[in-house]
Amino acid sequence: MYFAATIAILLTMSLALARALLGPTVFDRVLAVNMFGTKTVLLLSVIAFLYGRPDFLDLALAYALINFIGVLAVLKFVQDYMLRHQDTDL
Amino acid sequence: MEYAIDIASWLLLIAGGVFVFIGGVGALRMPDFYTRMHAASLTDTLGTILILLGIILQAGLSLAAIKLAAITVFLLLTCPTAAYALANAARLSGLTPERRVSDAEET
Amino acid sequence: MVTLFGVFLLTLLVITAFGIVRAQHLFVAVMLSGIFSLQMAAIFFILDAADVALTEAAVGAGVATVLMLGALALTDDRERGPKRHRWAPIVVVSLTTLMVIYATFDKPRLGDPEAPVHQHVAPWYLEETPRLIDIPNVVTAILASFRGYDTLGELFVIFTAGIGVLFLLANPSKRGALSLLPSAEAEGLRHHLVPRVVGRLLVPFIVLFGLYVQFHGEYGPGGGFQAGALISAGFILYALIEGEGAALRAMSFRLLRGMIAGGALLYVGVGLAGMLLGGNFLDYSVLADNPIAGQHLGIMLVEAGVGLTVTGTLLTVFHAFAAREQRR
Amino acid sequence: MEFLGLYNYWVFAILLMTGLYAVISRANLIKKLLGMTMFQAAVFLLYISMDKVDGGTAPIIQVGAVDQLYSNPLPQVLILTAIVVGIATLSLGLAIVVRISETYGTIEEGEIREIDEE
């Protein structure tokens, strides 16, 4: 039954990748990265059990903890960017 | 008892997979950025909880279950924060929600 | 079945790679390379390389994106060169791809136990690690003990890269020494309440998890490299939500510099201690009364040295980029 | 399934050359660095693909497991350190690009050459 969940996660990953490649705005791509991150956490947890090595959950835990740092960095980047170029769009 | 737990965890895993997939479809098909974000973050949270709960049932009372519970809690904290930061960044850069429906009503 | 999952992920990886090359907007390219890194980590995990996947996770999710965005903020976020694709490189690259693919037909297929790579030194490592070193994680045993020289060399590369970034980007202070000049206006995301509360809640957990990975590296996936990247990700998060000034007050530039040099010195020092006690350089078995306890002690100290240098270098690099940004 | 046994290596070839293409044909320096990272990632993939053994598991010896096959730990050690070295060298490259951008006002190869020739 892990297989069904894995397949659903992998399909969702490809959908997220499609969104990342299609855009159209840069934020759609950031959203796709974030989605991909949570999907990776799920995939790693499921596969750890599929392989019968639950001690490898450390990896999923690492992603769950630090994956959102990238999005915060994007927020800071946009904030500084808008301060510097007030006229242009990102 | 074994069977009951197995069936429950399978149901949770399948339901979680379905929700995750719906979230993915929503993120691909919705018309503008904010609705896509809504679809992605909302169903993501539910699907994530269901899948991780399904695995926790399989893990039983062990270190793995505690780790999975920690993963669930951290994801529940970080996903909405990421969504907040993202929406804020988009709003700061001047991206406005599309208002096609209400425009149509006005005219 | 798992092989098919791997094939699927590898296909996604190729699509992402094409996307990165095609993207005109560098910000988009950086985001796609974030996805690329996530896919790499998942593939490493499927291919049984848990330690490598943890490293990729810690580096790719916590540090790489932040550094790339820092560099983009200092340069230009759009590619402005000629948009046309030149034919000569495409032809050369396609021909070479076909040649490399042709060469792969001589390779043993994936997972073949008879492949030459599994015949020589690897079985020895797997058999002798329980007897000579007695820790479960063979990867850590090879990294820190059997191939300790190699790791020392890698550590010095990281050390040199950190020094190089400091020379290129840090600002000379009055007395001619390099500094990172935390300025008062560095606000970070301080007026965003939600990230601030959640971030402050998570920073201790990230650092704690980093320490767990550092000291649990002998028993599960982990070690100095992963822990260094994780702990620096924690402090980068702190710097993002509270401003660089606050992060530099918590962990001063002086301390970071000391960590970069101290970690490398600790590693070399453990090696020299082995020599003084009558063994070879980086031979840990003489460090304690019985060889196995000596190996355990040596590996722990060496991993601590690696962790210190990696944390110091990554944080210094981050602060160097951030301080440069404020000076403009 | 047999023909998929070499799929990892084909992906390796494609990634390697995609990275090389970005390095030799794009004029933007940051794009070149991204291409280099991709080239690096391709090499990582090659090494890690070689460590897999059928029926094996990650080389962390489990308590009580008898006759368990383990994957090859050596490529993992090499790549584990290479990833962190990769980010360190990437940051050095980015620092050089930042200094170039401050001196020349651009990070496009052609424009830098024009300024140099003046």
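Chains here go by letter, A, B, C and D, matching the order in which they are written, and residues are numbered from 1 within each.
In the analysis below, a contact is a pair of C-beta atoms (placed from the backbone, for glycine too) under 8 Å apart; a residue touches a chain by one contact, two chains touch by 3 or more.
No experiment lies behind these values; they were computed from the predicted model shown.
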Chain pair whose interface holds the most contacting C-beta pairs:
C-D
Can you compute the centre-to-centre distance for chain C and chain D, using the mean CA position of each chain? Integer Å is fine.
12
Averaged-CA centre spacing for the pair chain D and chain B, given as whole angstrom
31
Any idea how many Å lie between the Cα centroids of chain A and chain C?
19
Where in chain A do residues touch two or more other chains at once?
13, 16, 30, 32, 51, 53, 55-56, 58, 61, 65, 67, 72, 74-75, 77, 79, 81, 90
Contacts with two or more other chains occur in chain D at residues 57-58, 60, 62
Give me the residues of chain C that touch two or more other chains.
50, 72, 189, 192, 195, 199, 202, 205, 220-221
Which chain pairs here would you call touching?
A-B, A-C, A-D, B-C, C-D
Within the complex, which stretch of chain C touches chain A?
1-2, 5, 8-9, 12, 15-16, 19, 25, 27-28, 31-32, 34-35, 38, 41-42, 45-46, 50, 53-54, 57-58, 61-62, 65-66, 69, 72-73, 77, 188-189, 192, 195, 199, 202, 205-206, 209, 213, 220-222, 226, 230, 233-234, 236-237, 240-241, 325
Complex interface listing, chain D residues touching chain A:
57-58, 60, 62
In the complex, chain B touches chain C at residues 74, 77-78, 80-81, 84-85, 88
What residues of chain B sit close enough to touch chain A in their complex?
9-10, 13-14, 16-18, 20-21, 23-25, 27-28, 33, 36-37, 40, 44, 47-48, 51-52, 54-55, 58-59, 62-64, 67-68, 70-71, 74-75, 78-79, 81-83, 85-86, 88-90, 92-95
Contact set on chain C toward chain B in their complex:
189, 192, 194-195, 198-199, 201-202, 205
